[in-house]
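Both of the next two complexes hold subunit A, though its partner changes from subunit B to subunit C.
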Partner chain A sequence: MASATVPTLTLVRLCAMQELRLSVRSRWTQIFAVVFAGLALAVAASGYVLSGGSGLQDFSRTAASLVELVLILVPLTALVFGVMALTPDAGAAELLYSQPVPRPTILLGKLAGLCLALVASQAVGFGAAGLLLFWRSGADGVMGFIGVVAGSFVLTAVFLALAAALTAGATSTRRAHHLAVALVLWFLAIVLFDVVALGVASLLRSGTASRLLMVAVIVNPVDAVRTATLLAVEGTTAFGAASLAFLRMTGGALGAGLYLAASVIAWVLLPLIVAVVRVRRADI
Partner chain B sequence: MITFREFAKTFAGVHAVHDLSFVVEPGEVVALLGPNGSGKTTSIKAAAGLIRPSRGTVLIGEPGRPSTEAAARQACSFLPQRVTFPESLTGREVAEFYCRLRGRGADRIQEVMALTGLNGSSARAVGTYSGGMTQRLGLAVAMAAQAPILLLDEPTAALDPDGTCAFYALVESRRAHQQTVLFSSHQMGDVERLADRFAVLVEGRLVASFTARELTTHLADRGVMKVTVEELPHDALTSVRSLAPKAVVAADQIIVPGAASVRLAVLDVLREHGVGIRGWSAEEGRLDAFYRELVGEAR
Partner chain C sequence: MTTAFLLVALLAQTPQSRPADGPAPYGPLEGRPSVADASPLQQRVDAAQPGDRIEVPAGSYVGDLYVDKPLHLVGVGRPQLVGSGSGSVVRIRADRVTIEGFDIDGRLGGNLARDSSGIHIAGRLALVRDCRIVRSLFGVYLREADDSVVEGVTITGIEGKAPGEQGSGIHVWNTLRFTLRGNTIRFTRDGFYIQSSHYGLVTGNRVSQIRYGLHYMYSDDNRFEDNVFEQGAAGAALMFSRRLVFARNQFIHNRGFASVGLLLKDCEDVTAVDNLVADNQRGFLIDGAIRHVFRHNVVATSDVAIVIYDSSSENRFEENTFVGNLAPLLLVGRRTDTVFERNYWENFHEPDLDGDGVRDQPYRLSNVFDHLRGNLVAADLLAQGIGAAVLARAEQAFPVLRPISVVDEHPLVRAPERGDIPRMPQENPRGARAGLLVSALGLCLGVIGLRAGRRR
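So, the complex of A and B:
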């Protein structure tokens, strides 16, 4: 008895909704939402605490302080969550991939569901904190805060795509290995890349060093999001030498924004292409 | 129809299957037999489109399409050896998801849940299911697909007697509808009861393939007759040995292995020699013994 042919978008939606349902029921997603809310509130409160006062900072200050924490935590959560969800038990993967659905459709659907779940968890967490900040300090600088949250969403998409490239077609037997690789990747992107870039730049002549640092801003998605978010939160006042050089090279904020957008789009698309190729070739 | 054409698969330099050429005809129920690591799972997973051949092809339907194409998998429903489901989903949610992936409504879910004995548990989270219930849910998903080809990898391994009955009912209903079933099993009872044809794999090679009728002949040829006699004169023993060289005499009993015709001929010879027969019994060969013989010869 023949089945009806299901449109590809419907299949993607089915897989995405299934993954979203699983993620929403996962305790980890709920914990992430609480952690993001707690983090934003702790950052908002800590500014005055450190200066001997009490109460919550406004949106601008909170956003500026929150950026670095988001840059560290969001890639880590996206990578770990992605690896865990995209390396199912062999029996589950075999049943799913034996269905009459192209493998990339399943993978993209699962990724979309995961991304929605993590973005929703951040939206709930940051949103709850944002409501409290609005109640206590008003709406001043709210766009900067929204910029940080948007940066957080972008980083989620980038690092979920990287998790997909890493794990495409894998099952839980390789989960520990992939988690270890994901942690190395996170360390490279968050810590080592900047240290190496700055170290190498310090050995070069000024012009060459500037160019290297400019390229570094685009090459590393974390730096690209950092630069874009700082641009959104504080304009160019928070920029260091590399970012200022980057701004000059790209002809101002708009040009820089376009370069940074292209960088993060590439960092989503390229890993996705790798993931699709790998999942097509994989033996499951 | 499933066509393995010189199918070979190598994993990291290890040959799992060598040049398997084999056709499962439409409407056939075929059992894949073989020791652990003989390539049964690899072959079934290749038919389910999960494993890409290192060489050769695995085609589904007529005209054949490579099993790795999603369109070919529309014709197949596969149940893995150790099926698992996300623990936070209910049985019904699992079945609905797989029905929708095939563009089917959820109208059959109630029926397959009842057939697999899960009707009372369909609203429970899969995480609360036992291993046998999880396997039954896998069976329900396979049944709900209503695909013309069913691929089952050791389907009864974790099933209790009720689940096994549900599996038998599934295969019998497929046979009644002229649908194709390819399954692997170590349970000789399942195999003998269900299969129209048997294929034996050893170390990745197909070493034997025979129909149920041919199996009956093979097993009859491997029968044993035990005759209890009052006395056995030397000339009668000589005549028995000429007919059945492997016959053994132990006290007052003659044990005659071999085909039914040989065993009957031995009885006739004993009667011709006037040997008093106090009693006799005969049993056909057993599939497990025949299987061990095939595996032993192939190694």
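So, the complex of A and C:
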């Protein structure tokens, strides 16, 4: 069998390239790239206008708005693109999975390709926005900006993994169902989770409530990325006294970084494991 | 005699009498230094005729100097006056003394209770210019020194010494019509401490790493303009004073625990125009403030822009710009009659359909988070998020909490022209170059990535 002689990494790379090619040919990736770049540019431009062109931390204010854009758009696109790509038409799925390649390898390859396509389109948007931002503000915030970009890439990986866990082994007949579930998941992650956390916190005693909110911020990958990037961009001024409380609980900047990183890594790995198990068992 | 006259004049000037605990009691004045402690320049000073000009050549002169007649002391080539370590280095005990061009070293010596300073002035019409003062408990002390001027003096206090153990950069006590201009002060207790002194002007100074940059106590009718106060517990603290006017100052980077850009306590009729209050833990804090007007200031990137105690009344905020503050207002006590009119609130996005430059809905300076923030520090972690925005919208549509009704009836669509308001120092342009490079690289890599998918 071919898979015995070809190393798995090569297979993953082959699948990834094929997926990248597919998504680029479908034109949706480019459309996303253009839309994302347009929105990022709009944020970069309006961030400057909103502060009255005052030079009042134009950079970090704008970077913070850019983070908000990322938090809304990136999980949504990663989920939708993931579900669309991982629920192929029945014939295509049969053809693909009948190749002498282990199913998890195909799945991981497809995910890598998708991730590459999305990351590349985001890089275009960030690049364009960054050019405008740094040109206008003349700020010294490269590391913060890289942090925002990295946060966006991490969110892409997290929500692609979630899409994979959701759809592993499915075909296009269930696509609408999976899309609906993905949308619910997205809403849950970016809105409902925070609302519930705040609601519960307002019922508890203040010490417990504060701890609950800090744990909530770590556990939810969207909040984790938001907290990490805003702290990276604005330092402890990002959340006022709450930043200090958060750093105290997590044991300083390094501790906070580790907790947040552990959370998002778990959010990539656990769904991937679920996806691999499910695709092995799936009846295609 | 003059003091009595001044007191009468003051009482006539102000409708209310001075608070009983106002002026500090008279302390003993440091007198002529002992022969052992005296500066080698003392003989020249004693031999001079009133009104003489004495040029002091470069060199180091150890000992304290006592000036009891009008003289013009000029350092040529920056001579060093090194104190004896037992009191003030230069003691001015006559009117019309000018001293310029000296480097003064207090040698950490003297006595706080006796106001040991680099230059201690107890005479009117003194002029101190272009001096550097280090390691002294007080920098320059004006004691009943009406019409005196201190300008272009650099004072570096004793770094790491607790505020209680050293004095202020420039201390003004019971002095009228003083002028403090273009001085630079660091590492002292307060930058300027001004007590029971009226009709003064403080302008173009730069103060950092102190407790309070500028501290008025029981001092009426003062102006301060074009100063920079940064990295203190408070940029400025105005207390128990009336009719203060300040413009075009910067109160920035006061970020420590419970720090504040501008603290106003039990003052009346204060006017603030064209100031920049940015990157502070709290912007303005007003407690017991009566009839203050805050017009055309910028309050930016604070945790809380304004803190108002309910002991305040009849205050107005007009045409100020609020940008990037985590919360606009914290009320201590449940009520306030503070008026907000025609301010610009960066985070308020109601439309302006009739195009008159004023948003169609009033801006409410409190939201659901003020209720949480009060006893829940971590609420701010989520306060700027999407979930919180949804929550705030919902609460606005279906109010379940009884909000404190502080509103700006006519919030502006655009920030008022900045005009005279100072700008934050520009950030590092080299950093921008790195940012541009990274952005361009990202753009290229992204395009290459997308093109890689098209090949073959």
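Here is the rule we use: the second predicted complex is superposed on the first by the 255 of 284 C-alpha atoms of A that agree within 3 Å, B and C clash if a C-alpha of one lies under 4 Å from a C-alpha of the other, contacts with A are read in each partner's own complex, and residues count from 1 in each chain.
Operating definition for what follows: contacts are C-beta pairs under 8 Å (C-beta built on N, C-alpha and C of every residue); 3 or more make two chains touch, one makes a residue touch a chain.
None of the values given here were measured: they were computed from a predicted structure.
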Contact breadth on subunit A, by residue count: subunit C or subunit B: C
First (subunit B), second (subunit C), both or neither touched by A:Ser121: second
Which superposed partner A:Phe246 touches (first subunit B, second subunit C, both, neither): second
First, second, both or neither for A:Tyr97, with subunit B first and subunit C second: first
Partner chain(s) touched by A:Asp140 [first = subunit B, second = subunit C, both, neither]: second
Touching partner for A:Arg25 - first (subunit B), second (subunit C), both, neither: both
Contacts on subunit A seen with subunit B and repeated with subunit C across the two complexes: 21, 25
Interfacial residue positions of subunit A with respect to subunit C in the complex: 17, 20-21, 23-25, 29-30, 33, 50-52, 54-57, 59, 61, 64, 68, 71-72, 116-117, 119-131, 133-135, 137-142, 145-146, 149, 190-195, 197-198, 201-202, 206, 209-211, 213-214, 216-217, 223, 226-227, 230, 237, 239-243, 245-246
Subunit B to subunit A touching residues, read off their complex: 11, 45, 48-52, 70-74, 76-86, 88-89, 93, 97-98, 100-104, 138, 141, 145-148, 151
Footprint of subunit A on subunit C - complex, ascending: 255, 278-279, 281, 298, 300-301, 303-304, 321, 323-324, 326, 344, 346, 371-372, 375-388, 390-391, 414-415, 418, 423-424, 426-436, 438-450, 452-454
Touch list for subunit A against partner subunit B, complex: 1-6, 11, 14, 18, 21-22, 25-26, 88-92, 94-95, 97-102, 281, 283-284
